[in-house]
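The two complexes that follow have subunit A in common; it is paired with subunit B in the first and with subunit C in the second.
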Partner chain A sequence: MGLEQFKNRNVGTQNYKMLDLGETPKSGWCQFKQVVKRTFKGELIVGLWVTFREMINALFRGQMHTVKYPFEKLPISPRYRAIHDMLRLLESGHYRCIGCGLCEKICISNCITMDTRYDENQRKEVSEYTINFGRCIFCGYCAEVCPELAIVHGPRYENASEQRASFSLFEDMLTPIDKLNLQQEYDGFGAVSPNADDNIKPTPLAY
Partner chain B sequence: MGTVNIKIDGKEFAVKEGEYILNAARANDIFIPAICYLTRCSPTLACRICLVEADGKQVYACNAKVKEGMEITVDTPNILEERRAIMEVYDVNHPLQCGVCDKSGECELQNYTLELGVDSQSYMIPDTKRETTNWSSVLHYDAGLCIVCERCTTVCKDMIGDAAISTTKRGGEALDKGFKDTMPKDAYAMWNKLQKSIIAPSNGTEYTNCSDCGECVAVCPVGALASRDFVYTSNAWDLKRTPATCAHCSSGCQIYYETKPASIEDRDEKIFRVTNEWNYVSLCGAGRFGYDFENRTAGKDEKAFAAAVEAFKKAESIRFNSVITNEEALMLQTLKEKMGLKLVNPDAQAFQKFLSAYSDASGQSLYSYDFKEVMATDFVMSVGASLRNDNPNARYAFNNVQKMNKGAGLYFHPVGDNLVPTFGKNVEIFTHKVGLEEAALYLILDLFADADKLPADVKEYIAGFKTSGTKTIKEKVMKDVTETVVDEETGEEKEISKKVPEMVEKEVTVEKNGLVELLGKQSDAFADSFEKIMKKKESFSLIIGEDLYFHEKAENIAKLIALIEQTSSVRVAMIPPKTNSLGVALICDLDEEATGYTIGYNENGDFKLSALADGDLDMPAMNQQEGTLTNMHKRVTPTNAALEYKGYELNDIMKALIGAPDETIDWTVKLPVEKGFKSVEFDTLPNGYLNNGTENRGYQLTSKSKKAKEIKVDKIDESIVPEGEIVYRCNPQRQFNDFSDKAHEIFEAFGLYASPARAEALGNKVEIDFGDRRITVDVIADERMDGDIAALSDFKSAQDVYGLFGKSRYKTVTMRKV
Partner chain C sequence: METTLVENLPQVTWVGSLIKAVLILAVISAIAGFGTFIERKVLAFMQRRLGPMHVGPYGLLQLIADGIKLFTKEDIVPQNANKLIFMVAPAITAATAFVALSAVPVFPDFTIPEFIPLLGGIFVPSIASDLNIGILFVLGMMAAGLYGPLLAGMSQANKWGIIGAARTAIQFLSYEVVTGLSILAPIMLVGSLSFVDFNNAQSGGIGSWLIWQQPVAFVLFLIAGFAETNRTPFDLLEHEAEVVSGYATEYSGMRWGMFFIGEYANMITISIIAAIVFLGGYSEGGLGWLTIILKVGFFFFLMLWVRAAWPHVRPDQLMWLCWKVLMPIAVINVVITGIVMMV
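Here is the complex of A and B:
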């Protein structure tokens, strides 16, 4: 962007277009006449007609332009970064998170913390997971770094609550097990690229 | 040792003679990749990745020694091809779940795979199922991740001396013969071996019979070995490393406390593990696993503090132990000087007396060798130390000499030990009677001293033990025999004379050494084996242990040791009894007995300052405070606070009593220079190791020399040999004090340890009668003990075992089953 317009400080030579505002009423009688003239000009009806027309369109012709917000919501882009979701494996229903700790490491506002342990099945288990949403800046790095597509940004953008803890635990973010069939594969931040298959090299391990 | 000049990649270096190429390169910051090699251990030759070209020939840098004028090339096209193939083989069937691996990026397999640019895989073989197992209460082995570099088995054998793990059959499929022709030679050989083996406890069972030091965990380049407590609890990158000094025993090893917030609920820092520079220092189980002994306090307890200040004002004496920093010792000494308090510390006092008797006789304020120097000798002796329990690093040194220097050793101790004989075949064990340590030293004089330098009376006294006798020995003699044989082809008879060996009995005069017999060994058998183990030995060292400081004739023993040093090439290293006994012995003026109102610092007293949270005023534990410790290597090493401490510390009491600087570490510069300390600011003290293995930690104490007195030694006093049931004051492995006991991963219990046979005879529980006092303890069988002497632990200060034993480590007692 050039800086010419800022450097031109000689505002006096600009070309102004003057509006025709008519005569300013001089006497009390003239003022009274102007009020009466403006009141009964009929322009009010023109405005009301537009409102009336749209009301008819919305109510009877199915052309409603607004949504009943708390009850209805507009669809948002998959790339929108709102409160995180923790996804499950579609086949087993087990949560995808393997507890690698990469999200914890990459988080630039240091708001992710997890506790892990060695479980009975000799696997790494995430015993507790939390995101401090008082600090989260929704940058999306955690979703991008996740090797398992386990943590993603969901569409839940209503962050108002009685307490911050309301969103921040693992269970709150995890897909409820009974809604597993409704779990959407995420194609926003960190999702596999459409040509991912082409980039994978087969290993020689035929076994 | 001299230096030789070599060229690595065209650059000239002067390096130590007889050094391996790899070590020489590392010391000069030249990178040669190597996975299986461990400094201070013998080359394993498992990975073969350290291949270099020396004078036109391919050699393994880890086991080829430098020669004058050698020209070394690290990378040649052929070597690079070999290395890449080796790394590809290591990656065959290695799990790809790096995300959950405990190594979390500290992985050498990952590093070398990237370093050598392995981005595709040309080899394959079906995988074998490998089970995850727990080897002991602390060791966790994930065989699936293991690359069988054998670093764990090497360190366990060459450094630790347990040899508790070894390679065993994996049962994997045999390699396709086709690979032999198509792949580089070394890579094939390495793969062939790798495919056949896996690591397992060497005793054939599922569990290791070892001292649980965890050094195998430290050296593991991948995530195969981990501590059971640490598995899957944290990523390496989350942990904050605090360099410190281990405060459990007098070895004062360098460690890193690794901390992070305990959990989501508890944001206070917690120590998750302890790591070490395993190429240069080996830890014991207490150092590695006994880390959570911190004293968590809510805040400053002003009432208790006021009471403490009052208590100090009316106190007559302070009882403390040696688990304190030099700075605190100096504070206590200052209190003694300004307020006339008595300082009581039995272990440091015994050592102080011994050391001063030694320095009067030898003319130097400190013993001559540190344990690094001991490790470099090829003949090592130990008198009066229960090597396995008293000090792990002394034991490692003893073992390392046998394994690395083709060394030999003599081990004198009344308590039979099954481990020490396994260190090497050139180790002679004397299980002598209690109290005969003087005889052991006289024997050393006899064996090593230059007879001309010995005082006439000593010479005569030793000669008095020698008697000559005759012995019948069998000897091989070559005898001429003439035989008549018939030639098969011609049928002619021929006489052939040939020599045939024959055993002949022969009488020889042998000199009988009464000292050897006195110490419970056959004189002639010992003479034979001694001659054998003395071959090609050049440097000699002697380790002195706690038994001698708590000996009735300690003063005479100290003189004998000085005499040994004066008349022979044997050099002495001493093991201070507790963590900072050497520091306390140098800094404090200690008194015999506590009188009147006594303040106990981590000890019993009328008012108790305690870092164990059981006293009247809380004190910070060793992992919560800064300061310096004086270790047995005669080095003053800094330690840092790994965890927060919110309460009062000793310096605050000093401030209230007599005025003191702001911080505890401001005392560091005031440490007594006349005793060998240096006037250095704490913050300037380094705490690490250099690439060539130089210990760059704190500073070395200066040994002050003075005029030596003429040494007059007494004869062996056999009257002090006790009879009857004897109990020995000795801690189990991995236990040193209340702090190691507090740690949750140290399981060794307080009790009476005895050999399995003795333990069975004693039953489950015994009451030990010390005459004036009694103690009832559990009997615990220790497979590695032998003989009838049982060992009573002293690590619980509340039990006052020091008090029971008084000025000796051995006591005659009566025991009764309960």
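Here is the complex of A and C:
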């Protein structure tokens, strides 16, 4: 699809589809004929039938639209961006975050705050990690930029709470160690694409 | 033609009439309240929703919750309103609706069993007062119900209210004419104004129903009945989008609830009249009471169905429809009926 239709600012020449409005009656006799035609055409009955059909569909064919929300929920997309999750490495159970600080840097609403230090093995560990959910706009940049797939967006969209701090600590977002086997990989921004293997090319030796 | 069967029945005492009146008031109020539940459910199903679901099984007790809300809500009288008329107007609507029901056969007659103290052996008639001009009385009472919305709208010092009242006046005045003229043709055929006579005249099975002889009058009466009960497509006196709530704008709590009950009682009355005058009434063997309930239920459902399906009309369209289309057709229908009867 080209961009022509967006570049054309002359609205009068665009391709509009006109509705068939019929003819406006000119004389009194034409008006009378229109009234009689509309009276016996049965359009009102058609309207009645449409609503009745919808009732039959809803009651007997399982096409009721209502979702009784707190009791049943619609499935959400795997790319849905709700409260963040911090994932763990599946093998060791250690958290994946390497403390690189990219998420803090890219966060456009400045809501991620982190502090890191070297532990006794001279490995970087995260000492402080909070997300201010009063400011987070759930843009998904942090998940996209994370090189380790450590910070991702989870499916927790019911984020009403008594205080904003309720789920903002690193420990709150981290997968509990006893539920490590239930940890789901994230398919959204920053995740490995499904055809990642095909995209890997051999390293060119010509360099 | 046999006029009535009253001679065969026990004597109707004033106690029996009183019991019947109380019975009508209690049962029709409850049915009217239940009608709101049915209306919400049917409208919801037609829009593929569930409707009220949480109070009781399938939302059946929603009626009680609404009743508690209506009864306990603060009764607000606006500052500049004419307070007496403002407070009396809802009672006019509710009272005329129930007075109209007093001349309509509502439930089958029965005799209170002997073992009940004080009231044992009293015969309770099917009509609270079996007037020989039943139809005229009912239509007149429903027309008098016009004063409820009219006075309510004019007394409440609110622009929406007064527009709603003006619309009420034009609508009721217009459609009284069509109601009267359309039902005149069946009255000519039967030769009586009594509901009992109508019922007896159509006792010969489905083939003897007056709808086959008077289909035009039936359609006209239905249209006019919709207008008289303020139902869609003619509910322009309380169009939310145009006049907020019309004559009921300033009302709250039980006074508003009385308008509501009056409207639903009128719906039931119109349904009963249509069922008795055009669809054969209640005497078809032993199951007459069941058939009349089914017929009335059908007309009630039709009102809800139409509300889900059809859009409103404008006030000028309403007047045009009434005076330029329906009334001439009604007059022609009466004339043709007269000619056919004479020939």
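Everything below uses one rule, namely that the second predicted complex is superposed on the first by the 125 of 207 C-alpha atoms of A that agree within 3 Å, B and C clash if a C-alpha of one lies under 4 Å from a C-alpha of the other, contacts with A are read in each partner's own complex, and residues count from 1 in each chain.
By definition in this document, a contact is a pair of C-beta atoms (placed from the backbone, for glycine too) under 8 Å apart; a residue touches a chain by one contact, two chains touch by 3 or more.
Being a predicted model, the structure only gives us computed values, none of them experimental.
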Partner chain(s) touched by A:Phe52 [first = subunit B, second = subunit C, both, neither]: second
Which of subunit B and subunit C A:Gly62 touches, first, second, both or neither: neither
First (subunit B), second (subunit C), both or neither touched by A:Pro194: neither
Which of subunit B and subunit C A:Gly2 touches, first, second, both or neither: neither
Dominant toucher of subunit A (residue count), subunit B or subunit C: B
Set of subunit A residues, in rising order, touched by both subunit B and subunit C: none
Contacting residues of subunit B [partner subunit A, same complex]: 92-93, 97, 99-100, 104, 120-127, 132, 231-235, 237-238, 261, 263-264
Complex interface listing, subunit A residues touching subunit B: 98-102, 104-105, 113-118, 122-125, 128, 130, 147-148, 201, 203-207
Subunit A contact footprint on subunit C (complex, rising order): 42, 45-50, 53, 305-306, 308-310, 325
Touching residues on subunit A, where the partner in the complex is subunit C: 35, 44, 47-48, 50-52, 54-55, 57-59, 63-66, 68
